[in-house]
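Each chain gets a letter, A, B, C and D, in the order it is written, and its residues are counted from 1.
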Amino acid sequence: MAKLTWGMIGGGAGSQIGPAHRLGAGLDGHFAFAAGALDHRAADGVAYGRSLGLPDDRSYGTWQDMLAGERTRSDRVDLVTVATPNATHFAITKAFLEAGFHVLCEKPLTMTIEEAEEIVRLAAACDLICAVNYGYSGYPLVRHMRAMVARGDLGRIRLVKAEFAHGHHADATDADNPRIRWRYDPAQAGVSAQFADCGIHALHMACFVTGQAVTELSADTVSCIATRELEDDAMVNFRMDGGTVGRLWTSSIALGNQHGLSLQLFGEKGGLRWAQEQPNQLYHMPLGGRLQVIERGEPNLSPEADRATRVTIGHAEGMPLAFANLYADLAEAIRAREEGRAMDPAANLYPRAEDGLRSMAAIFAVAQSGRNAGAWCDARPPMFR
Amino acid sequence: MAKLTWGMIGGGAGSQIGPAHRLGAGLDGHFAFAAGALDHRAADGVAYGRSLGLPDDRSYGTWQDMLAGERTRSDRVDLVTVATPNATHFAITKAFLEAGFHVLCEKPLTMTIEEAEEIVRLAAACDLICAVNYGYSGYPLVRHMRAMVARGDLGRIRLVKAEFAHGHHADATDADNPRIRWRYDPAQAGVSAQFADCGIHALHMACFVTGQAVTELSADTVSCIATRELEDDAMVNFRMDGGTVGRLWTSSIALGNQHGLSLQLFGEKGGLRWAQEQPNQLYHMPLGGRLQVIERGEPNLSPEADRATRVTIGHAEGMPLAFANLYADLAEAIRAREEGRAMDPAANLYPRAEDGLRSMAAIFAVAQSGRNAGAWCDARPPMFR
Amino acid sequence: MAKLTWGMIGGGAGSQIGPAHRLGAGLDGHFAFAAGALDHRAADGVAYGRSLGLPDDRSYGTWQDMLAGERTRSDRVDLVTVATPNATHFAITKAFLEAGFHVLCEKPLTMTIEEAEEIVRLAAACDLICAVNYGYSGYPLVRHMRAMVARGDLGRIRLVKAEFAHGHHADATDADNPRIRWRYDPAQAGVSAQFADCGIHALHMACFVTGQAVTELSADTVSCIATRELEDDAMVNFRMDGGTVGRLWTSSIALGNQHGLSLQLFGEKGGLRWAQEQPNQLYHMPLGGRLQVIERGEPNLSPEADRATRVTIGHAEGMPLAFANLYADLAEAIRAREEGRAMDPAANLYPRAEDGLRSMAAIFAVAQSGRNAGAWCDARPPMFR
Amino acid sequence: MAKLTWGMIGGGAGSQIGPAHRLGAGLDGHFAFAAGALDHRAADGVAYGRSLGLPDDRSYGTWQDMLAGERTRSDRVDLVTVATPNATHFAITKAFLEAGFHVLCEKPLTMTIEEAEEIVRLAAACDLICAVNYGYSGYPLVRHMRAMVARGDLGRIRLVKAEFAHGHHADATDADNPRIRWRYDPAQAGVSAQFADCGIHALHMACFVTGQAVTELSADTVSCIATRELEDDAMVNFRMDGGTVGRLWTSSIALGNQHGLSLQLFGEKGGLRWAQEQPNQLYHMPLGGRLQVIERGEPNLSPEADRATRVTIGHAEGMPLAFANLYADLAEAIRAREEGRAMDPAANLYPRAEDGLRSMAAIFAVAQSGRNAGAWCDARPPMFR
């Protein structure tokens, strides 16, 4: 298989997300890193790109330069990853889609629901891939949960319980720490802090594994550290379009939790439990049976899990490989288009612009409900109502 | 120490709660089982009481007989345990208090808030002990949580997260099982099923460890099995009079959970986590430190934990001993009164009529909020507003 | 059922084992505590016995007095528990058996193999119960392990792996602590310290669950704290008479382990894992299947487990109830004899003099092998060779 | 940093270890995959190499061709990985070292102690890197264990307890499965099966974290499945040159264990516990303190752990990243040599030929002791006696 090529906007020196994307894209050898505009300080970005091995003429100073440079090349990149500050996602994603590039955008896709709807419409009109990086959906056993639900192993899903609660912002004396402060400042973070940052991952997973969308929700949002304008803890009750009831807790003051992303599903015929911190085990309780441990890598799991598994049973697999699974999905999606064939359904699992849009709508609904004493709000984007 | 004596109403042949009370009361030798009216079928109750070693004249056919018989004896029982069907708790408790007996009543204390207020007033007026059996507060490490909060180890408590979610009513085909059906029938169970049955224990624990009372709450109650009139799953957000935010999940359809009672506390200076299924470990996360395991039985815990511990560190201790701790508290309370001295503060932890009253108010508030799309409701009993 | 009566030798004020026996014997109401010689300081023992409610004439100053007093009573105790210093077990047990009493002796049964053989022969000749307190065999799920092996669920057992490794003697500066020092002093403790104290429990469990006896063994015994004359850590490899290979690790310097008793079985058709610190779960791996969690209290376990279970599924049950199960077994054994009927086979599980004898032989074999660089030694008592 | 280049011998189509090496070498971008002789079927290997992107002239048919081709190139590979059948490791490693290449050889380094000594001498004489792939030493928290021991956090290490016990060869009906049978056949596997395959990893880790070498050992080796000529289960007791006592259990019939590599250290001042299946937590028990959880990625760990960490705290990291850490060490070692500077001490942790030699000596000692009823054997290579 010829390698695809790939470029990145953002993710300059010192960023955490840049290396994660390069690692994820490169892990399986699907994508060669071929172009970049890595820093808003143009000279720094150019130099850093070269230090990472980009050719001189493809380490750009700005995303506009990169757009201009790549669009005219015959060997232009097959995929553009957008990992810039949130407020710029919309403009960059839009511009690259309009120029005919497939895009993987960091979450959030945009800052408003209207922008997200525009991206969804644009990607559909152009017939281009516009993925959004809800990376936890790449874990093999998360994909297996989805497969089990889809094939009916659990019967109708009555309830989904999701959590993403950590304790890394529990220190009130950190209030002036610039790495933390901006997150709770509406001017910089928008209408929501902890829910938009972490809770939304848990909500995406609830949708991903059930195959359902959120219709309405009620939120109790609080600032446990009183100086914060935005919430550091929220409980969200929701309803899904397939009839499932949802409950989601997110927190950044939950001392004792290191990461705290977990998912429980309760269906008519069984329950499932998975936690990101121990991602290689999935606990399955069949109705009337005993709790069983499903191991990543065991024989005869679903095609979705098998495709996303690299390491044999018993060895720990972790987050970078989950991340790489999204890139592997995208490689398959791009190749299938190039080759004019249907893509492997076990790869057709990457989050897409619609997910980004639904997430934006959920975030705004949480903020609205939180301001209104938990009043139930419509959580659907207008275009899907 | 001379043994105290003790009698029981209810808990006849085949009941689960009867043996638990006899075991708890007898475990430390504080109470001798001396009288009983064990069954609403009078002859059966008399025979069963004799088979348990009660003297012929103190194995009564009805609670009214027992009241009449005991009140005139010079060696009348020191404590009466009421473990009859819920609807009879009020009348029996009231009658025995009026006759000057100390009472331990099973939960719920009454069927209405008004009745509970009457019991609270009566016990206060008579200066009698009226305890309510929220038995999980007897676990040594639950008492240690309370002690840690009280002495300030965690700073102000920002958030308490409680769960009591099991999966034992998840089988929809069980709908006609008489052991389950009545629980979801308002005619028999009142305004609430799963919250009143299990959730209220979790709420009591949240109050017990924080030393705070609930002021208002918002509930999302659902019947995951649609044929049930009362809820089998509920999420309750609440506020406490010391400023703590609360979140409580209870469920009976959570397949994979065997019992599912757990408590997390998040304070300014640290977090705590405890689960009933592994009650001998308490997880403590000090702010800026590492997660630590506090073991039941380790040296230099609090007096509250030490007093409630019988078995050395490392050995499993379980529910029957937690139960016995309530009886040990009551023995100390009764003896202190008899001897005209202050009771050991480490024993002054048994749940009392006020807790039963507050629980009733919470149950009614949950039902009201659940019927009103989660509208926030006052959860305080009228007499405490 | 009329209560049986019960007396105790040893277990005076301040002892740990005394309350444990009284709790275990009294828990189910099978035995009334009726006589005692509780302390080698006669006056203290008499006073303590009275404080526990013994009648004046049955709180004895010495075991000889108790023997003389009880043997002539028509209501003499049905069972005598011996919980005195190790060196006195033989003489007391022998004297009471000769006088026709059933005996439960603390471990070790004797100080020598010869003495143990004498007790075994005596108990058989008198047709009396002589039990030895290997109390961990009372746990419901340990009994269920035995039942699963017996009914063939695991096929032939290839390997048993046992551990009893704690860290409570890891502090070298404790060398002069009198509560610890004597344990490592051959003059007081005999030929073995940690193996005889803890390892022997794990070995008994290996025998109990497999239904096999140890034939030979090889031991590596070390004193990790160099000032100790006897071992504080040992690894024992052994062979059993049903062909099972055994491995057993015991330690008192294993910092991080609070108790550390666990058992793993590996058979042709499946594996089992159980640990005392979480005694309410048993992990079962069927060949070709998935790891499953067997819960104490779940429906359709074995009669052996069901009989030993008091509390419903999901609630923690612990050591005191395991202990009580031995007393319940003994009550059934005594009653069956009195009533001239076969005893309930699910109760016929209490450790007996033969187990005490085999344990003595194993301890001497470990000491001998340890002194001889791990040379394999016959671990069978002479009378069973 | 310019990329280094790297070639591989073995690891052709369908192999498990080939992708693991390519992933590990490529993950951080240190090494470009530049040459290979991937299959003993020459044409298949050439074609597979090209499919992986190797240039036509560097996808070789045999390792001899690769040696001839690479040795004369000015851009010859910086590192050669040997992942061929065990019996060929010696000849290939020797030839490439003699030609001046750095080598990373899969375990076992050789088939005999004499060969391993020859490699050690050769590498030293040539001043070349000869690493051996004991990949578990790449886990960040394993490296942190080593750092804690080295800086004295635990005091003198009294005991190390290692396990590598899985259940994947427990099915006796698998006896004719060719993927399993050869492992227990001395003609193909040498003197040891399970110890040489898995146990040796655990032994290497015991040496790695303590910084000590094994001096003598006693082994109990058994074939639980009787048709196997070589052992499928072994217990090894050993002594180390710093005075630490060791115990190691390895098994392939331990049903219920998926992987089963774990390590416990017990020192004068504390204990540590780590297990490969949950590699992101390390349990630390300080003497007189409480069990604490050390998290991979937490601030202020050792430089050794920090250097080996890519993902932030709370996210799961797994085996592929551990593997990549060895390649990162080798890249640093090669670059330091090229640049004539001392290498980063936190990278100087890759296993080397001496480790391979010591492992060979241990394997032969285990086999010898196993044949001789556990007699203690010298486990040191002759050149280190």
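The rule we apply is simple: a residue touches a chain if its C-beta (ideal position, glycine included) is under 8 Å from a C-beta of that chain, and two chains touch if they have at least 3 such contacts.
In this text the structure is predicted, and so the values were computed from the model without any measurement.
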item: Leaving out chain B, the still-touching groups; value: one piece
item: Chain pair showing more contacts of the two, C-D and A-C; value: C-D
item: Chain centre separation in whole Å, for chain C relative to chain A (CA means); value: 56
item: Distance from chain D to chain C - Cα centre to Cα centre, in angstrom; value: 43
item: Where chain A touches two or more other chains at once, by residue number; value: 257, 291, 295
item: Category of the chain touch graph - line, ring, star, complete, other; value: complete
item: Residue ranges of chain A in contact with chain D within the complex; value: 1, 3, 16, 19-20, 22-23, 26-29, 51-53, 166, 168, 257-260, 276-280, 295, 310-321
item: Contact set on chain D toward chain C in their complex; value: 158-159, 161, 167, 170-172, 218, 220, 222, 224-225, 233, 235, 237, 245, 247, 249, 251, 253-257, 264, 266-268, 270-273, 283-288, 291, 373-376
item: Chain B residues touching chain D - in the complex, by the definition given at the top; value: 290-295, 298
